[in-house]
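Encoded as structure tokens, the structure appears first; notes follow it.
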Amino acid sequence: MDFSSLITAMPGLLSGMMLTLKLLVLAIIGGVALGTLLALARLSNNKLLSTLAGFYVNYFRSIPLLLVITWFYFVVPFIIGWLTGTNEPIGAFYSCLVAFMMFEAAYYCEIVRAGIQSISKGQVNAAYALGMSYSQTMRLVILPQAFRKMTPLLLQQSIILFQDTSLVYAVGLMDFLNSARSGGDIVGELHQFLLFAGLVYFIISFGASTLVKRLQKRLTV
Amino acid sequence: MISIKNVSKWYGDFKVLTDCTTEVQKGEVVVVCGPSGSGKSTLIKCVNGLEPFQSGDIIVDGISVGSPKTDLPKLRSRVGMVFQHFELFPHLSITDNLALAQIKVLGRKEDEAKKKGLALLDRVGLSAHAAKFPGQLSGGQQQRVAIARALAMDPIAMLFDEPTSALDPEMINEVLDVMVQLAHEGMTMMCVTHEMGFARKVANRVIFMDQGAIVEDANKDDFFGSPRSERAQTFLSKILQH
Amino acid sequence: MHYNWDWGVFFHSTGIGSEIYLDWFIKGLGWTIALSLAGWVIALLLGTVLGVMRTLPGKILPKIAAVYVEIFRNIPLLVQLFVWYFIVPDLLPQGLQTWFKQDLNPATSAFISVVICLGLFTAARVCEQVRTGIQALPKGQTNAAYALGLRVPQIYKEVLLPQAFRIIIPPLTSEFLNIFKNSSVASLIGLMELLAQTKQTAEFTANLFEAFTLATIIYFVLNMGLMLFMRWVEKRVRVPGLIALGGK
């Protein structure tokens, strides 16, 4: 195999990887934040709130991510237009980011919910007995403990999310995979470029999940 | 100080508390005992509003716990509570456990809160452990920290829910000693416990509960001298045999 | 921004014969179901074999299965699809290659690529579930089977797998639902399954809200329906007196 064209294409591939990572990091932050709110809503005593949150989760978990990405690509510009009254296009990047955040939030929600439920009721009572409000109890006592327990699962879900970012190909965003594909197309070496991309994804995912497994072992003993 | 008036509570169809009425005066120590499942924990949790109740009312220092207008967090910040399983916050150091609510609830400055926490830690004999985490302490030590944590809020009364029943026998006394000292200092206390030695030493009154009702509410000497109800007698003879 | 709502759009003619847009959705759903079922057959068969391999004594067979799982779990589905669609056909012997690329209807060759891709991808996940199921069984079961004089293939077929599969019905159900959702990647290599038909309807009619809403409802209803059905199946096959060891 001849790798010279891969080396020439490196800057393009790198900027693709930067986009993938940027999307990943922002989607994790937004997804975990939204997922946590959803989990609190699902666990709240307010029937309406918990039913709505439950519906949100079931809904996003039963449709394909690709459908969400495609739909948001078409629809988000419309909604923004209605909301702001302007006609300014928002890029594919932001429609994808919103899609990933909202979709992943459904998955993060279930992880966070299980994490909160694993903390004993006595901790809630103790915090309340000290005069803390609901939000203080959650922020200062329950969530810090829950997040510690959930870290491995949240990371595992984020590795899946890392792989799933490649689906932005559907709306033509130049992420790592799409850069590799188009780079390969240009020089007529699609095979090498795709295999290289696969190898990079594999190394990152495999490396990360090995680390997560090690962390999990450390946390359980 | 604490006045419980005709409190009843249901879990669905199941009646946990039946028309409970009693009073704890300022400076008084009241011990609550009774068989497992008789509703002791439920009653004491109603006092600071951790459990809602459907009828009757509880007045703490002139404030109605049952009223929807009451600022429960504020009321709770003035009533200390100690739990069977300590419930220290495992992710925080001992110092931070003691300081957290002082800072976040009472709005104290961080150094002031830490100083106060350390002073109380010293009082329960644990100042050497300030930097440790709860998981690194023994059960008895954790419970003493939990008492210090409650005291750091300058409570007007203290509630104890079986503070020694999760402890190994050799650690029970170190916790009871702290409680006895508190009683001698004039703290208003309501204690669910089966430690009858503690009751004999410092209690003013003893309440006996069975099946959600207060069956007996008597002066300590009357209670240990001649409990009126048969159920209290059987209960006493059972636990005093140990 | 102006938008013409029209929920009747699905009954409008597409301009091709007497076809209405709803027909596109039905055709798309047909492809989606065909992809999912065909992929699932491969995933279940291969995944079971791999899962059994992971629990066998010895070193080599469990290792092979473990390597398979790591490879297929750590490469994005879309990359795997590109490999099956763009790369593998070029590696075939000449005759087979012309057949696949030229003689076959493009939809058929895309279908074959997607089915292989989904099947092998999902097999890695099924493998892990089968392994978990087998390892959840008490060790005494294997010993008892050996003591009766059964041979290893018989032990798996008669004793271990029937019990393991009952335990893992819930996770297997969610794997099937995943394959159903994942089949939408077929739209990225031009196969006109449900998502692709939706996109096409949206582009043709400009009624994108309606089109995507219908697609969403179809996925949602089928998902929920299948989940309820599998819960019923799980109850049906439950062995009396045994509490399911798996999820709820």
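Read from first to last, the chains carry the letters A, B and C; within each, the first residue is number 1.
Throughout what follows, contacts are C-beta pairs under 8 Å (C-beta built on N, C-alpha and C of every residue); 3 or more make two chains touch, one makes a residue touch a chain.
Note that the structure is a prediction, hence the values are computed from the model and not measured.
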| item | value |
| --- | --- |
| Touch-based graph of the chains, sorted into line, ring, star, complete or other | line |
| Reference subunit A; chain at largest CA-centroid distance | B |
| Centre-most chain, if every chain is reduced to its averaged C-alpha atoms | A |
| Separation of subunit A from subunit B, taking each centre as the mean of its C-alpha atoms, in whole Å | 45 |
| Between subunit C and subunit A, distance of the C-alpha-averaged centres to the nearest whole Å | 22 |
| Subunit B and subunit C, separation of their C-alpha mean positions in angstrom | 57 |
| Parts of subunit A lying in touch with subunit B, wherever the complex brings them together | 120, 122-123, 125-133, 136, 140-141, 144-145, 148 |
| Complex contact set, residues of subunit C against subunit A | 1, 3, 70-71, 73-80, 82-83, 86-87, 90, 177, 181-182, 184-185, 187-188, 195, 198-199, 202, 208-209, 212, 215-216, 219-220, 223-224 |
| Subunit C partner contacts - residues on subunit A that touch it in the complex | 58-59, 61-67, 70-71, 74-75, 78, 81-82, 87, 163-164, 166-167, 169-170, 177, 181, 190-191, 194-195, 197-198, 201-202, 205-206, 209 |
| Sites on subunit B touched by subunit A in the complex | 45, 48, 50, 72-81, 83, 85, 87-91, 100-101, 104-106, 146, 149-150, 153, 159 |
